[in-house]
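Same chain, two partners: subunit A is paired with subunit B first, then with subunit C.
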Partner chain A sequence: MKAPVLEANHMTVCYDKKPAVWEASMSVPAGCLAGIIGPNGAGKSTFLKAVLGIIPRTSGSVSFFGEPYKKVKQRVAYVPQRESVDWDYPISAREVVLMGLYKSIGLFRRKTKEHVLQAEEALDRVGMLDYAGRQIGELSGGQQQRVFLARALVQKADLYMMDEPFAGIDATTEKVILELMQELKQNGSTVLCVHHDLPTVADYFDHLSLLNLHVVASGPIDEVFTKEQLMKCYGGRLELLTKLTESLGRLEALKA
Partner chain B sequence: MSLAFALSDLLPPHNLRVVYLGVISLGIATGLLGCFLLFRKRSLLSDTVGHATLPGVAGGFLLSSMFSDFAGKNFLALFVGSLLFGWLSVQAVQFMVRHTKLRQDAALAISLTGFYGFGVVLLSVVQKSGLPDASGLEYYLYGMVASMVEAESWMLFGAATVASVLTALFLKELNALCFDEGFTQTQGLPHRWLDQALMTVSLVVAIVGLQTVGLLLIMALFIIPPSTARLWTNDLKTTLLLSALTGALGAFAGALLSANIPHLPAGASIILATSLLFFLSLLFGKRKGILTRYLQFYTIEKRLAQNQFLRAVFDNLEGQQQVRLFCGLAFSRKLALTEFHIADTIAKRNWSSQKRARIITSLKNAGSLEITAAGRATLTEKGLDRAIEAAKTHRLTELYLMNHAEIAQKNVHQFVERIEEITTPEIAQDLRAIFKQKLQQELIPLEPHER
Partner chain C sequence: MTWLTLDTWIVATSALVAIACVLPGCFLFLSRQSMMSHGISHAVLPGIVIGHLVTGEVDTPALFIGAILAGVACAVLTRFLQRLSGVEEGAALGISFTTLFALGLIMQRLFADNVHIEPNHILMGNLEVAVFSSISPESQLPETFIKAGIAALVNLFFVVIFFKELTISTFDPNHGDSVESRPRLMYYLLMTLSAVTCVVAFEAVGSILVVSMIILPPAIASFFTKNLKHLIILSVLFAVLGCGLGHVLSITTFGPLFAKAFQLNDYSSTNTAAGITVVLCIMLVIGIVQSKLIRKG
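What follows is the complex of A and B.
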């Protein structure tokens, strides 16, 4: 059997000694559209960032395609949350997309026409070619999101990890992202999205993980997206778990 | 011979040339590095570093006069001392942010004041010690260029070269790092060491520049040039270039002033010159200048009023000829170029006589209108073209709002008078594309919302 595209084992992440993600395990099979949902502050973005090593893990292990992340960085594309960057930065939409090619262009080398063409092709796929020369701050929220998507597309990755791509966007962008996700799936790629909107979950994804501090449930959508599982994740029963981990964190802090 | 003589006569004397090379280099280095500090939201760090070097300066002076044979200002000891304390202040900030819940701004302020306070104490010890040359330390506070030695100038030149080479070689990577750090990390692009290199070079440049600008004002050279550049452009390379230029120009002008006006501290004059460039950019900057924006607004308002006037003329002409634009009836251009009464034409608008006069003058100057007699005028061919375009765009926009945007007929009226303002040439083109068929069939009615 093919190795899962992403496998996290007992991963714990702490901010100030307080766990934000605790003993989370998740396995995402290849070729699916996977969603991660959970209440606000449940650690969804933290999970994504920790898996990618953007923030350090306290414990646990992660592998991509059965390999350590370092070996397969180029096969994974990351689309951060829109709020994570300064949109006043002096950069055009085209250059943002080109950023996805910086690694393959290589150190001390300059971009060529070929690279610019690739970037513009990606912009075209998300319907943003007309805005290639615009400073990114002049674009609407949805358009910014599409530029971020185009930057991921040029990497021609096998796994696309997106942090809340559907947050605060217009209908056109939503349609573009959904079509793109289907297209990527058909080409054998995998998409993993952090998501917040419950009503659309069943329409968008075929694999789902419920996250609230730890992974409550993970698997095919029809097994996981059930009333009982959602109650577990959202129903407030996890308060005790929060308290437990907090006191555990305090203990660790004293030891350290 | 005579040419060489004339040339050397034009150039400033050797010691001043050394100074100018030094300050221009400093301006370029801080201009470039300041951009990255600004993008990484670390501008204030340069202030903390600057102030925190004071104990290093005073301590270096004390130590070197204790252990060295030639008492007084030992350049190397002071340099190492300030470097040490500059570095310590950065470490202190990072420690506080990482290990306490203090926010960055508080940590910066604590580090700055703590080290500076310590420096003031050491400085008072130096002043009481009665050591010779102790007054020279004042230069480190307020800056002094006249005392710049050749070695210092070359160090500044070296710093500028390192900053330029670093920027040129790693522009892509720096760009990614400044825009989206998380993404840069996932890409496996240089990230941690590049950040460290950037900070280290900035630290060294700040300290090499201390004696020129003074530790109180060194931050300004890191902050003002990039802020000035951002007022002009939205392009990274241009920002870097303009910032380096602003730094170089400000530093040169300031040094020039300081060299010619006795007792004017170089730091103050350099910062004043740089601030002047900033102030001018604030007014005239192409991207966000205050006057520039006002001018843009004024231009739009003028075009709006002109179009409103021309549209009124055109509506009247249609009425006279009893035709409707786009209704398939022949519109005689020849008849349209007849004389009309200005006041009657725009009676519906409540324009003041000054505004009316202003619009008519501007249209006349633009070659759209000719005054034939007092209070009477005709359109020129050019003016007629513009009037037709204005009317067409206006009516298409109305039609669009009603048919496509589902805005109720009575509400469209509220938009109508501001339509010229919002229909840029780009939008007008889109409108033409949408109503292409109707335009070909000439089926656009007059003032759709009145139907």
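What follows is the complex of A and C.
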């Protein structure tokens, strides 16, 4: 049997001795679109950063494709939250995407035309080719997210890990990301997304993990995305959420 | 205004110091770590004193190496404190560099009080005096000029060779880690070069004004361009321009004012470094004003 693309075993992460993720275990099979959802402050981003070693793990182990992360870095592309970088940095969208090609350009070498073409092709795939020369601060939130996606695309990874790619973006960007996820899946890649919007979960993902400090449930979407499991993860807040979405739906209906 | 050969040396030396400062300065500025230069420039003191204690001399490479190690120690200590206690970076830096500086002061008072390692000299520097000590009796070439030139060349080499790596690690170090561009190594290399530059720049401009030379030119340039390479080139140009104008300002305006105040005839020994900083500040104001005008217009 093929090793899962990502396997976390009893992983604990602490901030200031307080656990942010507790004994989390998760196994993501190859070729799926996997989502991680959970209430605010449940440790979703922390989980992603900790499996990648961006923040230290207190205990537990993590493997990618059955190997330690260090050995397979090239096969994993990470799309961080947009707020994690300084968008005033004086570089263009094209230059950001070229960063994803670092390994293929190599130490002491300069980028070639071939690299620029690759970067522009990726920008084209996310509908950002016209903005290639723009300084990144001049782009909208959704466009910045697409630049980040293009940077991940050129890495030609087997696993794409995205932290809240759907947060605060426009409809065009949402469509682009969804199409891209489907495309990646068809090509045999795996996508793992931290997500926060419950109503869209069933449309976007086929594998789901519910995280609230620890992993409440993880598996195929129809097994995990059930009322009982969600209640376990969100607790009383779920009632509030469903009521809220219901009333919002009614409001929309009234408007129409 | 009388312009002597000495004035040319002062401007040329300060320009080289400024170029050396600006090159790592651009990346410190962009990664919002400008004040690290302030910390490093103070933290080198214990390194200098230890270098002296080990060798028993004042003018040896040991002092230089000690200073660089202490400067890097400041950067390491800051990161360590930040990780360990979770305080914000500015606070961590405040703790680490003042501690190292205090340590240096105590050691100097205890063991090296009779030697000429003046804290005052380190803080203020003196360009006018520095250009007097030439490399040999026959030559006019000031030693500081040579040192600053070497520092500028080393920094230029570094920035050209590691341009990609520096860009990735200052823009998005986490991504740098995932594409294996060694962001951590780059960070410490940048800190090492900042330390080297600070030590070289001391003699000329002092450790306080080093900071203005590191931060101000990139800050000014950031108002005029949105392109990293242009930002670096513009920073260098602004820095050199600032040195020329700063010295002119100090011999035509500050000097006479100073002489009048103290009723001296000779007013050639005002602080050019201060003049340079004033000019750079004026340039910064111009930059801010023009960026506001463009945004409105």
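As a convention for this text, the second predicted complex is superposed on the first by the 235 of 256 C-alpha atoms of A that agree within 3 Å, B and C clash if a C-alpha of one lies under 4 Å from a C-alpha of the other, contacts with A are read in each partner's own complex, and residues count from 1 in each chain.
The rule is short, and it goes like this: contacts are C-beta pairs under 8 Å (C-beta built on N, C-alpha and C of every residue); 3 or more make two chains touch, one makes a residue touch a chain.
Predicted model only: the values in this text are computed from it and were never measured.
**Student:** After aligning the two structures on subunit A, examine subunit B and subunit C and state clash or fit.
**Tutor:** clash
**Student:** Determine, under the contact definition given at the top, whether A:D203 touches first (subunit B), second (subunit C), both, or neither.
**Tutor:** In the superposed model, A:D203 contacts neither subunit B nor subunit C.
**Student:** Once chain A of both complexes is superposed, is A:E228 in touch with subunit B (first), subunit C (second), both, or neither?
**Tutor:** The answer is neither, since A:E228 touches no partner chain.
**Student:** Answer with first, second, both or neither: which of subunit B and subunit C does A:P90 touch in the superposed model?
**Tutor:** both
**Student:** Scan A:F108 for contacts with subunit B and subunit C and give back first, second, both or neither.
**Tutor:** Once the two structures are laid over each other on A, A:F108 reaches both partners.
**Student:** For the superposed three-chain arrangement, which subunit B stretch in 149-157, 383-391 or 419-427 runs into subunit C?
**Tutor:** Clashing stretch: 149-157.
**Student:** Under the contact rule defined above, give the subunit A residues that sit at the interface with subunit B and also at the interface with subunit C.
**Tutor:** Looking at subunit A, the two contact sets intersect at 16, 49, 52-54, 73-74, 76, 78, 80, 84-86, 89-92, 95-96, 99-100, 102-103, 105, 107-108, 135, 151.
**Student:** Can you name the residues of subunit A that touch subunit C in the complex?
**Tutor:** 15-16, 49, 52-54, 73-74, 76-78, 80, 84-86, 89-92, 95-96, 99-100, 102-103, 105, 107-108, 135, 137-138, 151, 155
**Student:** Considering the complex alone, what residue numbers of subunit C touch subunit A?
**Tutor:** 30, 32, 86, 161, 164-165, 167-168, 170-172, 174-181, 222, 225-228, 230-231
**Student:** Where on subunit A does subunit B make contact in their complex?
**Tutor:** Residues 16, 49, 52-54, 70, 73-74, 76, 78, 80, 84-86, 89-92, 95-96, 99-100, 102-103, 105, 107-108, 111, 135, 151.
**Student:** With touch defined as at the start, can you tell me which subunit B residues reach subunit A in the complex?
**Tutor:** Residues 39, 41, 101, 169-170, 172-173, 175-176, 178-180, 182-183, 185-190, 230, 233-236, 238-239 of subunit B touch subunit A in their complex.
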